[in-house]
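In this document, chain identifiers A, B and C correspond to the written order of the chains, with residue numbering beginning at 1 in each.
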Amino acid sequence: MKSVLRTRRSLIDLDDIAEDELHEVFARATAFDRSRPEKRLSGVACVNLFFEPSTRTFTSFNLAEIRLGAELVNLTPKDLSYINKGETIEDTVVTLAAMGVSVLVIRHPEEGFPRSVAAHFDGHVVNAGDGTNAHPTQALLDLYTMLREFETLQGRTVAIVGDVLHSRVAHSLIAGLQRLSAGTVLVGPPAFVPEEYATEGVRVSRDLDAVLPSVDVVVLLRIQRERFAAMPLADEEYVARYRLNAERLALLPSQAVVMHPGPYNRGVELDESVLRFAGWRYAQQVVYGVSVRMAVLDFLVNGT
Amino acid sequence: MKSVLRTRRSLIDLDDIAEDELHEVFARATAFDRSRPEKRLSGVACVNLFFEPSTRTFTSFNLAEIRLGAELVNLTPKDLSYINKGETIEDTVVTLAAMGVSVLVIRHPEEGFPRSVAAHFDGHVVNAGDGTNAHPTQALLDLYTMLREFETLQGRTVAIVGDVLHSRVAHSLIAGLQRLSAGTVLVGPPAFVPEEYATEGVRVSRDLDAVLPSVDVVVLLRIQRERFAAMPLADEEYVARYRLNAERLALLPSQAVVMHPGPYNRGVELDESVLRFAGWRYAQQVVYGVSVRMAVLDFLVNGT
Amino acid sequence: MKSVLRTRRSLIDLDDIAEDELHEVFARATAFDRSRPEKRLSGVACVNLFFEPSTRTFTSFNLAEIRLGAELVNLTPKDLSYINKGETIEDTVVTLAAMGVSVLVIRHPEEGFPRSVAAHFDGHVVNAGDGTNAHPTQALLDLYTMLREFETLQGRTVAIVGDVLHSRVAHSLIAGLQRLSAGTVLVGPPAFVPEEYATEGVRVSRDLDAVLPSVDVVVLLRIQRERFAAMPLADEEYVARYRLNAERLALLPSQAVVMHPGPYNRGVELDESVLRFAGWRYAQQVVYGVSVRMAVLDFLVNGT
């Protein structure tokens, strides 16, 4: 069995999918939302390889694969050296491909790990989160949720608030918002939102209160305390300036919605008033998460 | 997505099910014992969330769910903080509900954990054991096994022998025996069977030999050494007074049966003669365990 | 439920299967390779009980079971005491049998563990590797790969090179090669290939270069560093004498093939030239692994 020219599509980050393909994926998600699909991954073996703990993403991918009728194996290594006994990861994935595994869904604490796997795997790799780098299916479901709310994102403004620096979700989402021509404003202290993030279509602001009156979507982020040593500013200062609460919700335009990739920390980036806010779309994001993941898997495996 | 009035049934303890419903569940278990059911949980997503190790209960629930055709995801957190990254369990279960998860089967070392989850979950929670509190599906399969032996438990006497205090199985079983009007006698030293357990229909005895000649069922319990610091009496004294052995089996009426929720410890609460005893019903309990769990899941999800 | 005379077949080592049965298993594997079988294990419950980490064998058995339509439960104990709370393993497997589990696939670090389980389990046990003792399904897929290459192994010579002493694969493979009347030569330093391995049909050699010109198959082995305290010779010496490389490949007859049970360690027992060698059959072994395991399961459960 020789190495083959890789013609199989992977989704490591938003760069791997063109704009018209994005809309194709979203159209399938809508179809899957409306009715259970026939078993479009019947006989297709998927391995979920999660090197980091996960409840929501793990469960969401499992349900997506089950509902598409895939052959499903979960590998959840107890430690990072677990899987290979001195073998390179390249050789491990060649082995999985030989077994007939077509899809690898990978979560890993190292940035770039899924990309390096995809370079050697004769199949489809879906990045389910790599370190602080990217989490494209979360970004897709966030974009999809916004598009269900507003038909287009052109002319709309999305504020991403909080620990952008350590958030793989934010990194993928910013790329997606640029692709869909939304205006983006990143809001947080310099330690979480470095000035260098400002670019074509992307502004940086330190002042949440000033930003809120002109945004259509607020995406709140969790502070990723497991990814840095010391909190770069006092918790009270962070909360005072950036927590979304009833007063700040009142600053939003009437059609605005609030989203969060989860898990959210009550009392830190949001308070209870957000959970009762009519525009809170967290549960809707989770609902769409399964159908968007189904659509991604179907798109990668079965094509257009 | 607003919070909804909870109309979905859970099974946290025996209190959650009325007497006529008990018999309905048992009737379904009998039907499932006789022939494989159609896939009555087809398209129903079940998550098994086991925070404590388990072989028999975990496998039994898995087989029950598979045989009913459910969509099945196993989450077995490596530690108790694993699943939430600062998120409350309430928010975690809201997330699972949004994904379309309808059934949560939960084992947890803390008493009351499944009940607090059920208060927030828009779906069905089945308690698969919480600390020393309750283990209702084990109690149901024990009751079912007794009812297959004796048509009714009215007028029958059941002895529960050993570490009642730390046994969630015993706590649920006592409630079930009261519901079915059986006489119950709890047998063991004061450290394992406090006097306060005596109540309507429930006696306490320190003397196994005196009890055995008038019982129909003996339920043996394992000493739950992982749930207390020091053994409250010498092992030899416990064994001398409470181990079931050939001499004590000879004291039983001829129709009496012996049961154990498992796992059993040979040489402690029983010796080998029990395993060869014609009335030993352990394997039968395990057989019925799968069909009783199928019946519980079907009853909760599909109703009467 | 009494203990029954065990009439169910297990596969603990190559001794458990007669020569004509080997060929029957191989014929089924070929059929399964050609087309997806009907669900021949529909309604058959299989438990995979892996006490050691495993990627390839675990995934291969999972896919084999899924493709045969089995009811599948994975138990991967976090530690060796995990499953039983003082219960004997004999009692645990009696419990699994009572639940209707028909097949146990077991990997365990102790030699003899699967055999002792099979003595008590009223079902089929498949050894997926026990310590340094045996790994029969790997040996079967190795033999099958050889037979797909050469119609018969009679008159053929197979060299097994490296850490034979600690390799359960090698131990099972040697038995299989004897069964199929192949000539076998074990090549390595005395610490890895003790003189006592020489027996009917099995030679021992210290000189890989002298052996290569007259062999049909080379099976390379990984040094099982996790199974001994100190490397018995310098790494450089091992590599100098036993690593397969381009010069040594050139010594092979033109039809010869090279195999490895995996995982392989680049730079130790082989270098990159082996991975590009036309006769390198590693991926083919993995491909056949799934169909051979399907054939074994089908043969044990459904018979001839």
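One rule holds in what follows: contacts are C-beta pairs under 8 Å (C-beta built on N, C-alpha and C of every residue); 3 or more make two chains touch, one makes a residue touch a chain.
Model, not experiment: these values are computed from the prediction.
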{"item": "Homomeric contact subunit A-subunit C: same or different residue positions, threshold half", "value": "different"}
{"item": "Cα superposition angle of subunit B on its copy subunit C, in degrees to the nearest 5", "value": "120"}
{"item": "Centroid spacing, where centroids are CA-atom means, of subunit A and subunit C in whole angstrom", "value": "40"}
{"item": "Touching two or more other chains - residue numbers and ranges from subunit C", "value": "74, 78"}
{"item": "Subunit B residues touching subunit A - in the complex, by the definition given at the top", "value": "1, 43, 45, 47, 71-75, 77-78, 82-88, 91-92, 94-101"}
{"item": "Subunit B - residues contacting subunit C, complex", "value": "36, 53, 55-56, 58-60, 62-63, 66-67, 74, 78, 222, 225-226, 262-266, 268, 282-284, 286-287, 289-290"}
